[in-house]
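Structures follow.
The following pair of complexes shares a single chain, chain A, combined with chain B in the former and chain C in the latter.
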Partner chain A sequence: MNASLTDFARLTNGQAVALDRIPVLDLTRLQASIAACVHAGCRVSALFGAVSPQQGNTRLYVVLADDEQNLLLAAAADAVGDAYPSLTPQCAQVHLFEREIAEQFGVRPEGHPWLKPVRYRRSWTGRDVWQRPAGEAILPAVGDFYRVEGEQVHEVAVGPVHAGVIEPGHFRFQCHGEQVFHLEIALGYQHRGIEEMLLGGPDARTIHLAETLSGDATVAHATAYCQVSEALAGRAASARGQALRGIALELERMATHIGDLGALAGDVGYLPTASFCGRIRGDVLNMTALLCGSRFGRGLVRPGGVGFDVDAERLAELGRRLDACEKDARVAIELLWKTPSVMARFEEVGTVPRAVAVELGLVGPAARAAGLERDIRRDQPCGIFCFSQIPLATYESGDVFARAYVRWLEIQYAIAFIRDQLHALPGGAARLPVGVFAPDQFAVALTEGLRGEVCHVAITDAQGRFARYKVMDPSFHNWAGLAYALRDQEISDFPICNKSFNLSYCGHDL
Partner chain B sequence: MIQEIVARFQQKHRTMRYPDGAPPPLPDRFRGRPVVDPARCVTGCHACEAACPTGALSAASPGVFDLGKCLFCPACAAACPHQAISWSANYQLAARERADLVVPREREAIDIKRAALDGALRKLLGRSLKLRQVSAGGCNACEADSNVLTTVGWDLSRFGIQFVASPRHADGLLVTGPVSQNMALALKKTYDALSEPRIVIAVGACAISGGVFAGSPEVGDGASSVVPVDLYIPGCPPHPLTILDGLLRLIGRIST
Partner chain C sequence: MLDTLIHIAVLLVVPPLLPGVIAKTKAWFAGRDGPPLLQPYYDIAKCLRRGWVVSETTTWIFLAGPIITLAATLLAGLMVPLGRADAPIAFTGDLILFAYLFGLARFFTTSAALDTGSAFEGMGAAREVTFACLSEPALFFAFLVLAKISGAFSLTPMLHAPAAAFSAGIAAPLILILIGLFIVLLAETCRIPVDDPNTHLELTMIHEAMVLDHSGPLFGIILYAAAMKMLVLGTLVLQVLVPFLPGREVLRGPLFLVLLVALAGVIGVVESVMARLKMRHVPYLLVGALLFCGFGFILLIR
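Let's turn to the complex of A and B:
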């Protein structure tokens, strides 16, 4: 690992370095180093293309997370022409990154085992890996799917429009009776072109695009964007602002986790918890609205800190609501673990073993439920989490129950964390001025959102504007985990498996 | 069974009295209908228009707010050097016509009488309205705050309004998102699968105007670029009370 480590620039979360300090290696060397580091325990946080100074080349940047050392490792290499050898056969967790690079830049990873589009759109370079005719519309999810042949094998297609109030995606199951042999997930329906819209920024719209990357993770994505901005401007956010961001981030986690547990209960027909949690989730959203007027934290997180300060009375009110919420949530959620009919449906369903979670590079509750100690708040701390630790919630079994129970642990830890912050909120300004961005920089910021690692990488041009802005939502890492979880399960288990991951479609589709 | 009964008492009865009683309390920092104080607004300043991310305030259309584009973000109020812009607690924002969302900047309520369905349609749908929700490039916030209406606190089904699993069961669509290129066909097909008469409700700035994504070549300018829209509910996302108010005024359940 040590030999490979020297190939990378070392960064910490929320740091910017001059772009020319990112080593540009030979592509073969970079790929070997990525594979060696991943083998040694690192994981791929980002791998993306950008315009290379060498005409016709595509510059590939990688950011690895070395959680043991609390470091981020960055390096680059040029893919020459319109093809390069795929790394996926040696390193499975880059499979979707290479598909994304192929789609955005029209460069083919030769030997990629499943080279399909990610979001079903035209490339940015005019080159097309799939040689689709220029004038023809690209239809989402149209193309080959992995098929299991056999007389008694049948295919079930679901979506894009689903039965519930939920975002669109297409699920293709290969089934033998009730048993699912394979699930393939085709997304891209929610693609809005946000990465292109961010180019040339920041401008009046940028922070709002960050807030709407994935609506229920507004605080996580806005915080990552603001950390990138502060790094590029060479300024720190106010201590008070950082603490308030932490409170809002944990409220966001609580709200969604409580909603997820209610939805899981609903999917196994256990209505008490389903209806209690649906209501309690709203109470948590209203706590976020107490801070900033918006139930989703819109307008709260801003470069330099937060847009809304709080006084003692507001903090006291938040504390009172938190106490009431804790009591209600405990009663509602602990019913699940005491009810045999619920536990029978949750246990040993949708299991993702630890080794598979490592290989796929899963993040967030899905990884922790498979026993991985993986949490940005602890491993790559930034902001308030440098000063105030939050316990790591893990479970070993990797099944639906584990993903549910880890959520319950995280709800409790979030409540304790917020309570601590309310009693020890730093003084000073809620927001400090942030100047213009430095030119030719490379900045990385990660936050632990409710689904796991949110990673933003920005590269500025000679004017200090965004020449490339890469967003990695945790869902990008985790959709493959859901597909895996369905193997050899009954197709009727899909709803609870899906809810136990609760992935973002728009966060993946961007 | 005993544990569920005990829990049921602990959790209490939570369904709100509204619309027979008062609406649920809104947060004091709630940003409802924006208002410009004409006495403070300095002609030729344009600071708010420069700060507006979506052109809801625009020099090209002086004197008006386009609530269909507004993200209800704090940017314009923060940018105003004269503190002329404030946010009222007025949550009643829904309108039948897109043009009704373009409102004078100084305080004036939307003409809410125009929100109700008329005649035969009201008779048909006023007591039973089944909706199919389609997210077409939405960020899941509008979806979440539409879905929350089905929880026990709001209990949407007491008004005969339900989200149903198939367009074949539905009287209308509730559309969120700017309509991404990749969802345009699915939205059209879902609409075509509804039996007539059918209605479409556009929820959120994206579904009304493209919102924060307007101008991206990967999205359209809202639901009306694909299907005809009967009710527009502004916000980013709209508060659940704003959505419920729009739905209830649409079916004629409330008129004030």
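Let's turn to the complex of A and C:
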């Protein structure tokens, strides 16, 4: 562990270092170090390609999270030409990262067990790993899927057009009667090219792009972007702004978690919780609107602090609404745990064992429900969470119930946290000036969004503009967890498994 | 003659009211106003006015499915006595025809589903026939109990017997088949805890999955036939229930309609207070219904 630790530059969350302080290793050495660190308990937070100073090469950057040491480890290496040996066989959690690099830069990870496009787009370099003809459009989810052969095996394809109002994604089940042998998920329909659009920034659009990376996680992504900006500019956000960001982040978590629990109840046909949670989620969104005028927190988080200050009257109103919301949510949600027919549906369904969660590198409630103590707010604290801790919510069983129950715990902790902040909101300016970015920097910021770790990495060029901006939505880590959770389950349980993860399609597709 | 006309009128006009009552009950539980009571009528009327899209891979079976289902349900509806009057069609052994009219409807519904070649519809059809295998014998055991009580093999005397010849000795078997028939009613009319008629999740559907490709008038017919099936099977349940209610003679008159509405309300309450069963556990419930009806029969002949 120690030998490989020294290969990395050490950063803390929300810190920028000069780009030349990121060690550029030999690729084999970097891969060995990643494998060793992951084996020793680190996670791969980001692994992405960028243009290398050497013509024709692709520079691979990695950010590992060492949660025990509260450190982030960063290093780089050049992949020469258009292929390099894949790390996936030794370190399963990089499987999707390598596919993404292959798609964006046209470099093939040799020996990758399932090398398919991630978003079905052309590469940025003109090279193509799959040798697709240049003139033809690339359609999402078109291509080979993993198939189980056999007389009684049948294939069920769901999506991209769904019966509900949800995002598009394609799910391919290999089934034997009602039993699912394998699920493969193909996404890419929501790709907007945000990473390309962010290049050369920041400009007037940048913060808005960050806010719309994943609509219901506006505050989480905007906070990560602002932390990156503040690190690059060498300034800190105002104390009042940081506290308000924390309040908004927890409101966002509450709103989505309450909505998720209601949706889970709806999927098993349990009416009371489904109906009430839908309404309570609206109440929480309206609390966010009280802060900034937008139910999804648009316009609230801004570099240097927050775009809207609050007065004492609105703080008092927020406290009153929070009390009412807590009462309603408790009644509606605890009904779930008290209803045997609901518990029969939730328990021992869609189980992701702890070992698998570790291997896949799951994050957020999905990881905590499998017993992993992973929470950026505790492990890599930044902003208000450096000063005000929030308890960690975990459960052991890793099933749908665990993911639901962890959400309920987090809702309660969020309410307590917000109440504390409302009583002790720092004074001073809501927003401080940030200034221009330093040139040739490497900055990382992580936020614990409602689905888990949101990771933004920025590299600036000689003019202090974004030469590369990498966004990792927690969904990118967790989609594989959903596919795993369906193994040997009944196909009719897919909806509750899916809702219990509630992953973002556009956060994955960017 | 007048009885026959009234019977036909009730059979044709009342059914869509029942899903309306269920929806209203559920809305009340959820703290909503809910759709108007008569919404199912509007829905069916809307469907009948619409155009339709028929997949090119389908054959005449696809069209025959809803039409034969409606015809079979209508005919079965003419064999059960609504209230105190005799059913328009009654002959010895009509209970066999009654049960297999639903079997015929199911055969064509599932065939029409398979006809589309869709994975969802195939899954729905497989589930439907699997569960029907278990609800059908439960129904027959209930019929055996009623036949034994009445000494007849025709639905009209059989269903009038519980109220007419009520005695302490037949109370226990009647209660047992009442429970069994109520479960069969929930299963056959696709209600929670067996199926969820309101879900949009294709992978969890049973009956809804089979009719995903039907649109316009065909779908309107399906909705209408499903409501009628609820009325017919609900009548079976009520005829067994009536002897346990105060004022049973009065209740079998026009007040029978009020009872039907109340039964729909009860279904709405069931749907509001519990979740659906896991698909794998649905057979347990239906076997339970079979056991209730079976024990009812054993209790009667011991």
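As a convention for this text, the second predicted complex is superposed on the first by the 510 of 510 C-alpha atoms of A that agree within 3 Å, B and C clash if a C-alpha of one lies under 4 Å from a C-alpha of the other, contacts with A are read in each partner's own complex, and residues count from 1 in each chain.
Heads up, the rule we're going with is that a contact is a pair of C-beta atoms (placed from the backbone, for glycine too) under 8 Å apart; a residue touches a chain by one contact, two chains touch by 3 or more.
Treat the numbers as computed from the prediction; the structure is a model and nothing was measured.
In the superposed model, B is the one of chain B and chain C that contacts more residues of chain A.
Shared-chain residue A:160: touches chain B; no touch with chain C.
Legend: residue contacts after superposition of the two complexes on their common chain; A:380 is shown touching neither chain B nor chain C.
In the superposition on chain A, A:45 makes contact with neither chain B nor chain C. Within the superposed three-chain model, A:174 lies out of touch with both chain B and chain C [touch as defined at top]. Applying the stated contact rule after C-alpha superposition, one finds that A:33 touches neither chain B nor chain C. Shared-chain residue A:272: touches chain B and chain C both. Once the two complexes are overlaid on chain A, the chain A residues touched by chain B in the first and by chain C in the second are 163-164, 272, 275-276, 279, 339. Against chain A, the residues of chain B that register as touching in their complex are 3-4, 7-8, 10-11, 14, 27-31, 50-54, 71-75, 78, 87, 132-148, 150-153, 163, 165-167, 177-178, 180-183, 185-186, 190, 212-213, 215-219, 236-237, 239-240. Interface residues of chain A, counted against chain C in their complex, comprise 154-158, 163-164, 177-178, 265, 267-272, 274-276, 279, 339, 341-342, 344-345, 349, 490-495. Across the interface of their complex, chain A is touched by residues 26, 29-32, 119-120, 122-123, 126, 192-193, 196, 198-204, 271-281 of chain C. Chain A contributes residues 119-121, 139-140, 160-161, 163-168, 188-194, 196-197, 204-205, 208-209, 212-216, 218, 272, 275-276, 278-279, 281-282, 285-286, 289-296, 298-299, 307-308, 327-328, 331-332, 335, 338-339, 504-506, 509 to its touches with chain B in the complex.
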